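Before I ask anything, here is the structure I am working with.
Note that the chains are named A, B, C, D, E and F in the order they appear, and that numbering of residues resets to 1 at the start of each chain.
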């Protein structure tokens, strides 16, 4: 087919095993070409799966809020993903992975550079083993994940544009800086803090920013009425279940891709182990949370089970490689129990988190990071606690400042009447289900 | 980026083509490394697609039940998947693929072993060509699929925890044993029974267990009223359509991954043929079922069309490689016609299957297995019929016993009043759509 | 495991690096085997992602129509996909990629041929570098995409079977012919018209066919009442958002797979760049459309934002490789602004397109093709305009004829009363949400 | 003429409809309501927080009839929807000044 | 004062609303109901099993007015929603003892 | 006996329910309605086209009581749901000829 042929020139220039053609690369070079393409392809597929998690957060949150606030939460989710991509391309990626001034202060530059030159890759003998653009794609979906965590916690009462303003700050500055400290090779990495795929860098980060927002924002009207905690049931549980399945699937890319290489036997085995452990931890978390809610509340609360699965995923994210599948299941189960207790506790202290994001990603994220000290002999508890402290302090602090400024400038909470009527009509001019009688 | 560099040690130990470095593997070893990583990656991606099918079943079933029973069916779906993962890791995988006592009696051992050692793989000269963990991941999502089939058939009336108790038995014992007989190298395999990706081992298995459950459980209240079959419309058809699309997508992993290898020209062609045939069979099944329902009922029944697509997929699963795309389309079409007739027939004999699971996976699964005898010259009809008989007898028999014990111990059916009010409130304490007036 | 062993024979025949075995291929041949398998696998994964777009269109459209017309639009979507697969296998693929009579008149043959023989591939020295069946799979989902575009524009008023009749014509004839002109190596390709992944061949094609249909069909009852444009809100916005996310994900396969090769450094870098640019364009389009609707209408219209993301994707599809990520973002933003304006404009001239398909895929498709002249130095504006003209003229013209014949034979519009009651009950005998009070 | 308003349990609707048909009554208007009375709702737990499902789904059936039919209709309703269980419902009889069939403009008796 | 209850076809609501406005009537309460009468429902097939869609979606419009307006309002309703087709609907006129505007506590005439 | 129909703002329902309980009234029937009155709806834009959200969601509470309770109940409703804002709602008092409890067949006063 013509379409194919039109690529031959290109194709052959770089790779040919047929002696019939001139200027062909050596076998060694060809091997590097193949390995490079395998690792890059694996990276792109992983990134696509993580991008899919954005849909998961959107569905989960849309299912757990009331119908009158559904359109607005969807708008926040699609918009924050887009903003994250733009800000991270504009400046975030360079802050996180550029040459920093020192191990605390990252460097500053703009836009993306060029990809690896073929010669450079060949010269490196395979040390440079995947595309820079593929790496950017994989990294950018991580920052979007961190920001997605925030939207759920502040749902049903925060102004749309104030939220998006914060998204600009978190994805362009707050996240990249702490990311630099760990994955960019900064001081957190030097002191041995271990966070394989981001229980801390991504999930605890998102939860800390969310907590700061919730504290400034206050609870939804009618959530805590003269000392009693009132239930505000989610409006569409199939969406919540769908969202959880999407996140579960996407997580294989999130953790599996974080191995960063698959093109040899050890790496292929490692990625496989990560897939298995990620899956087992989620399964363990779901079962544990479901059983606990049955025993505790007398009913099998689906929303708790879903949070349990996510808790298992967050818990294993800090170290999905070293544990055996059995241990991974237990780590997930602990996460599942913890998340239920945490959700109840946060309600007790009147921290209103409609979807349980702070519990799932924050509390369980911390658990996951601590667990590493037990599942990975090379990691010290001290280093883990330091990392947790640093990430929380940085993200919570800067977020508090950012939220406060936004609050002062444009306000962060909708008016009481708008909250009563639902933010959808007020912010977006639409209803999610205009034909059905909502309460 | 630091993150990358930190992996060099690992990376180079196993693979390097640059003469500048010491202890590098030979070209032959490197080729084995690459092939191993390709096959493992292909396996992991296929497994991820099959895992996604769990979401498909959940959405399909949530869409076809009444809203008052939606939360409970979602809970069953997320929980059965998790239980399947845990039980299969605990014991199922070893029963199915461990060293059996003989071709009838499988072996017994617990947890998962270690993955292939690099040396062993290299020594095998590529005979051991993918990660054991990747294989486990691919296998575990299959048992979840079998169990997902059951949930739909017993929907709207079976107790949540009784169902989950059965899930433990099926995924930990019933399925692994018959799996051993065929894919574990047992007697069904020896006598030439052919079932490429599991029309029998997975789908007929799930349907047989479902049938046993439905017979003990009885029909939903109001389904068969003094001789007349009453329609009980599904509450959310977009979810049903979404579920079908998810299953369709996931099936590429289900059948495509079952080729087990892609790292050479023949295998790559084989996997491609499987993708095409899988897609064509689904398309054929959908069109056939849609046309039939238009001609038969005078209306284009979407739910029948969706069942038709699934029927096409189940039908081709027994042999997606040898037929031409045209033949695959016809095999799927036959499945599509068969499923409509079967659904009507089962209603006539008062077997109440809210989602048509027994027809789609059982009746059409049998058709798929028989069709192999015609599309694959090497396969005999006799062997196929034997396999069908053995699988059905084993699964139906053991399931009947398991269901009966559960019924005696904890009961399997909710009370009439609970069924009337809907199982959601009673079992889960939630409503799927609390804000909308359900009937 | 037995299952694996059973494939060894096959496996080794084609590929082995272990000297212990006889008849083994040379290193060069093995390299070709590996590259072939990588490119084929990449192709299959891309195709699977594009197949997933069919679900995206279904959800998007189901979310944007009224509940009384939801089942029918779902039926159209699942059926058109199936018909596209069958027609394209039957005749379309051969028309598009077979040996044509000349650069205008394609050849005619039926069904699919056989796949590449191993020897042929080895002889070609890697020039034949992926499976023909994988190529068919990748191509067939493209034609389904083109047809999916049509269903949205004619929603809520076109007869089901008339629509499906048109699907037969478009997927079996209209699309393959213009596809031949460009990707089949016909005159459009010769004169330098550049359309990387199908802003024109796929998207403009679908939009042109849709426009022809809408003109013959007329607007929905109550859309334009004595000069005023009335809003007809979509019934389920979470579905619309989900659909957009699905399309966004699928587009990585749509554009990324269109590079057609990934097995060397350049190609791997190219595919990575395409992933990044595709993602950035969508993000840019969404943000631009969201801001514009906020400024223009005073509300953040989610549906406009979703259309904006799709517009960004369509715009970059014509050339996702040469622009920098920054430029890709800008191309997407322009698409996002354009689509909002176009939707308003089409309403002004009373062209009723319930989901904005003509604006997203047609108007923005044209913009994308023109943009190539600016982002890719080798492409001339003249060639692009010619291509746009030819594709539009051909597809619009032939579609107008096809629609007219169908209209004469079986009619294309439901009766006024059916439209009032909703087409679901009349065409499919079902309601999408039977338990909820629809208006 | 009278208007009968009956608040009944949803799943009794079909039976009632048939019973009324046999009485020769073919017209009625039905709407979904939520009831509150002796039959109290129940408390459920959502994510650990209690909430009362205190309004019970009921169906309200409105039937306009001629005076003379009143007792027959009330009796029929009682016998068909009575299950002896709490929450069976209530019947209200309201006076009506006039009825009119839109299609024909017929009034009162002829319009029913 | 009277209360007019009109059962009409849903898509006629906007027209009726405008017609009443021109009459100087700006207050009304609307609810979705399901109707049953001469206009029978139809039988559909779902997965091969027949089911009756015998309740037809209607809209119930409640308007409280002063006695003197009654005829005018009834006339207006008839003329606007009448399509001569079966199922056009019914109008019921009910007596009202009192009306009260919550906001102001105004009673009867002033409250309408 | 009287039937009180109160059209109120949805979020006032719980308060009203409790207030009535304290009055010793435990039975009521509630339905979702859309209101139209002084409190006008608003215009929104969907995909650039304007549409009026002119029916405002309200809740209709129906309470059947004995004559003597009428004023007390009306007062209670006013005091609890009155916010002084437009759209607070209306109260209608209708005469009732008879009440019957389905479960027991009890009539009138005993049936309430």
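As a working rule, a residue touches a chain if its C-beta (ideal position, glycine included) is under 8 Å from a C-beta of that chain, and two chains touch if they have at least 3 such contacts.
A quick note: this is a predicted structure, and the numbers were derived from the prediction, not measured.
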Contacts common to subunit E and subunit F (chain labels): C, D
Shared interface numbering between subunit E and subunit D [over half = same, under half = different]: different
Identified repeat of the B-E interface (over half of residue pairs identical), from A-D, C-E or A-F: A-D
Gap in Å, rounded to a whole number, between the CA centres of subunit F and subunit D: 18
Whole-Å gap separating subunit C and subunit D, where each centre is the average of the chain's CA atoms: 53
Intercentroid distance (Cα basis), subunit C paired with subunit B, Å: 29
Touching two or more other chains - residues of subunit F: 31-32, 44-46, 94-95
Residues of subunit B whose C-beta touches two or more other chains: 27, 31-32, 34, 38, 41, 45, 233, 236, 242, 297-299, 301, 303, 429-430, 433, 436-439
Pairs of chains satisfying the touch condition: A-B, A-C, A-D, A-F, B-C, B-D, B-E, C-E, C-F, D-E, D-F, E-F
Residue ranges of subunit C touching subunit A (in the complex, touch as defined): 27-29, 31-32, 34-35, 38, 41-42, 45, 49, 66-67, 97, 124-127, 129, 135, 183-185, 189, 233-238, 241-242, 244-246, 248-249, 252, 256, 259-269, 271-273, 275-276, 279-280, 282-284, 286-287, 290, 294, 297-303, 305-306, 309, 324-326, 329, 433, 436-439
Sites on subunit C touched by subunit F in the complex: 228-233, 296-299, 301, 303-304, 340, 343-344, 347, 356
Subunit D residues within the subunit A interface of the complex: 44-51
Residues on subunit E engaged by subunit D in the complex (per definition of touch): 2, 6-8, 31-38, 54-55, 58, 60, 74, 77-78, 81-95
Residues on subunit D engaged by subunit B in the complex (per definition of touch): 10-11, 32, 42, 44-46, 53, 57
